[in-house]
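Dropping a structure here in structure tokens format, bear with me for questions.
Note that the chains are named A, B, C and D in the order they appear, and that numbering of residues resets to 1 at the start of each chain.
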């Protein structure tokens, strides 16, 4: 009973709100409220029509964006996780190192992207390859930062006495790591992903601005905005949002499955 | 002596009232309290004693109007629990001190006065007196994190008493404290009570504690939560800690314990 | 410990360590050539050069609406319409990842050739293909406003065009002074480059015709190339593009030959103009007109707004944030196809400034 | 013993890391120097960047490169500051509203998540169309980008109030205003600072990002100018270092503000949700 109640108000209410916004958007009431025209803010039906008309090119661009974001996210998360393990093994030096790593996130992506593009020129003589590589490096870097910082807390913030308990069993440092620190860090992985999934997608979009090879949702948004094709730009913006939402939904689903499994054990 | 609190045929079923499914199938709800009847006299010190899940805290919360009973009638200080709460007839102490970290001890004690818009001078006067009563006048300007658990709980008691309420509701206030601190606080509580003359409803799962403090011990049992026995404690007052070594005390303790058998 | 440090290095210097591997070819700096090959490619060269770089896949352009002339040129020689994205620097050209790079005669070409700040010092070792020679030129920097604004404020528009063209004439006749004026108005580039740019821009203005002349033949060619090579995903906009005529994009009604004296009674005296790019000699006429008081003479108080970001000048003019804008005719065409109602009122550059530069 | 203390002090460790990072940089710069024709455009030596800061050469409008960078940084900082204040304030207010009404929370929460997913830069022209002013657009966008951490963390703080505390206030029959000013808001302050510490550097990078929407004055404007060539390549590197420094500084400002506001009072709470960084 309780479950149906939650899903009713937790899903239907926001959906109803979304529908309301769509209605005032479609009826151009929204345009009157914020003082714009259907040219800058095209109607939802126009956006949908354009997505329908260009399914092939949109899905090709979306695929390139997803590929970069996904590979970068996975690589970055793995590297970040490994870094945090190293940092947890040598906490004194590790936490200092992580502080320095976190400084990287203070550099604006927009400045980082062209530098990385230039530095990775020699990766391949084939432009699409090195261009994709440059984008992946950027996303990897940013994902690694948020993962390493987030998971380090999971590896070190143990429940009180849990480490003492294992020590009473004469467990080695390695045992404590495997039995205590690693399992404890899993929920922190999810927290870190909550941050790094949107970051990965947004930084992919921005990296596409500076990439050598013209492809991707971000680049298309920019191309169309600069050439005043707002309806098409909006179609791509919609696609970018959809990618983000779907990725986020996968994360929430994975987190639920993990918690369910944990409860069962 | 007249009644301070009257509880008549009170039932509490969780999960009921929210949806229609329970109405069709009442068995699905958890019965927290079943047919509880209890009269608490003015100035009486009464304990609600029982294991976890017996509904003792639920009963206290119903008296405090922190939740509503499913059925039955509760009268507090001559009115409904809600009226009693709104006219600030009772003070309440929880298991944890629930102090506000950003307020000094004095400011914490004065919190209920602030909410009732007392003038500053009056607040200071009352808080000085209360802190003296609980023996914390020296600590009035420090912050809670600098106090021990026992001292923090004293602040909680001072805060509950500052409005000079008719009723003091206490929900396992000493259960998180160590034995030595608990002994001291129990003795102090009796002292404070004897001076303030308020009615005390004291929730505990400690048999010796309930016998030592109370005029009457209400024994409650779980599944469904109900009042299974009420035992008068005719020990002389004022009570000192040494009394707990007397034969009469030990007999009362075993009498209360025996009342749980067969449940 | 060593292992940990290594891992840290790998992670933090990911970029660096990875870029280091697979890097075997060491480029030797190009030696200044003493050969006397001409700087501009002859038509017979063009075909082989285009084929060479198209085959290698190293033709570069910025995209973002700057690529249509390149498309027309590639199509002319039956080559695939592919290019790499140039990031507004010539670094790609410098490190050979782009072999045939797009460049504006007045900007990137100067950076490639010269040695001042930001330059790449290739001197005469580079040559280029000129769009004007290839018959695929499109008109670039113009002056435009919205149809609504022009209809409501005809005298303002006329006055602004008149004074601006006066500024352009003066600037083109005195490029050194114009460069100085632009530099003092918050230029984005070095002093030396500013002077180079002013001199090159003067060539595009073409003082042999009245400044601001809208040549229908050149504009029709621009429109035709746009219709052929601009690909719009929005089918409604694509249909509209196909139906556009010259009268939809420009009006002769507001331009006056500055050889004739004229007076105006502007309806709106405080006006603003947004540039297509950052403040530089590409727009020297406006800075000169303001500096020399030409705008004051016609009773206008003009604010010059910098461009060069993602909010394009067409958007700014269309939504009324600024009154006038400077853009390329192709950008104006795509904007109108998408639903804007923009109107060109003067054509400043009579030729295309786009070239494709390569190392000899 | 004393030496050991110094060797393991966190300052020393940080310095060692920074030195290490600089050595990696220099190695890479040396490598680039070998293989590129114009290495200073791709990856200059740190020394070259520092030299360029001291370089008295006038590069634009009577300013040396560092003067130019600093002038632009000031403009960006100003916008970032205003955007940050607006974003933080509206995030805080939204969190209060969401705590106040379950319906508002249920409606707003999924969209709050969504805000992070929107490529806000792509929507800049819309914001621009509404505000009709590039400066205001920049402030609004950096406000939107900084809004989420504050809203999410404050909401978490408001929700961290224990049931016993809520019961206590109910037992006093405190009204809504009293409950918020005396209970919810004070409890959420440490969480608010967690949010502010995340969003302060974010406001800086966001402000630089939105600078690039159009020319004018601002670190981002200068960044795109320097990227487009025609000026000393070191301006670009100066901007990167300065923007990182400002980002770190903004975090430090929040840390100091937190220390001042909470002083010794909330040690317990602060420790409970301290961040690594």
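One rule holds for everything that comes next: contacts are C-beta pairs under 8 Å (C-beta built on N, C-alpha and C of every residue); 3 or more make two chains touch, one makes a residue touch a chain.
Note that the structure is a prediction, hence the values are computed from the model and not measured.
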Judged by C-alpha centres, the chain sitting nearest the middle of the protein is D
Taking each chain's centre as the mean of its Cα atoms, which chain lies farthest from subunit D? B
If you average the CA atoms of subunit A and of subunit C, how far apart do the two points sit, in angstrom? 36
Subunit A to subunit B, mean C-alpha position gap in Å, rounds to 51
Quick check: how many Å separate the C-alpha centres of subunit A and subunit D? 19
Counting only Cα atoms for the centres, state how far subunit B is from subunit D in Å. 49
Among the residues of subunit A, pick out those that touch two or more other chains and give their numbers. 36-37, 40, 93, 97, 114, 118-119, 122, 222, 225, 230
Shared interface positions of subunit D, touching two or more other chains: 21, 28, 35, 41-42, 121, 124-125, 129, 212, 227
In their complex, what parts of subunit D are in touch with subunit A? 8, 10, 13-14, 16-18, 21, 28, 32, 35, 41-43, 102-103, 106-107, 109-111, 113-114, 116-119, 121-126, 129-130, 201, 204-205, 208-209, 212, 220, 223, 227, 236, 239-240, 243-244, 247-248, 251, 276-277
Within their complex, subunit B touches subunit D through residues 61, 64-66, 85-86, 88, 90-92, 94-96, 98, 100-102, 111-112, 114-116, 143-145
In the complex, go through subunit C and note every residue touching subunit D. 5, 8-9, 12-13, 16, 20, 23, 26-27, 29-30, 87-91, 94-95, 107-108, 111, 117-118, 120, 183-184, 186-190, 193, 275, 277-280, 305-311, 315-316, 319-321
Listed in rising order, the residues of subunit D that touch subunit C in the complex are 20-21, 24, 27-28, 31, 34-38, 41-42, 59-61, 121, 124-125, 128-129, 132-134, 137, 212-216, 221, 224-225, 227-233
Contacts from subunit C onto subunit A in the complex sit at residues 1, 4, 7-8, 11-12, 14-16, 18-19, 22-23, 25, 57-58, 63-65, 83-85, 87, 89, 91-92, 95, 97, 232-237, 310, 312, 314-315, 318-319, 331, 334-335, 338-340
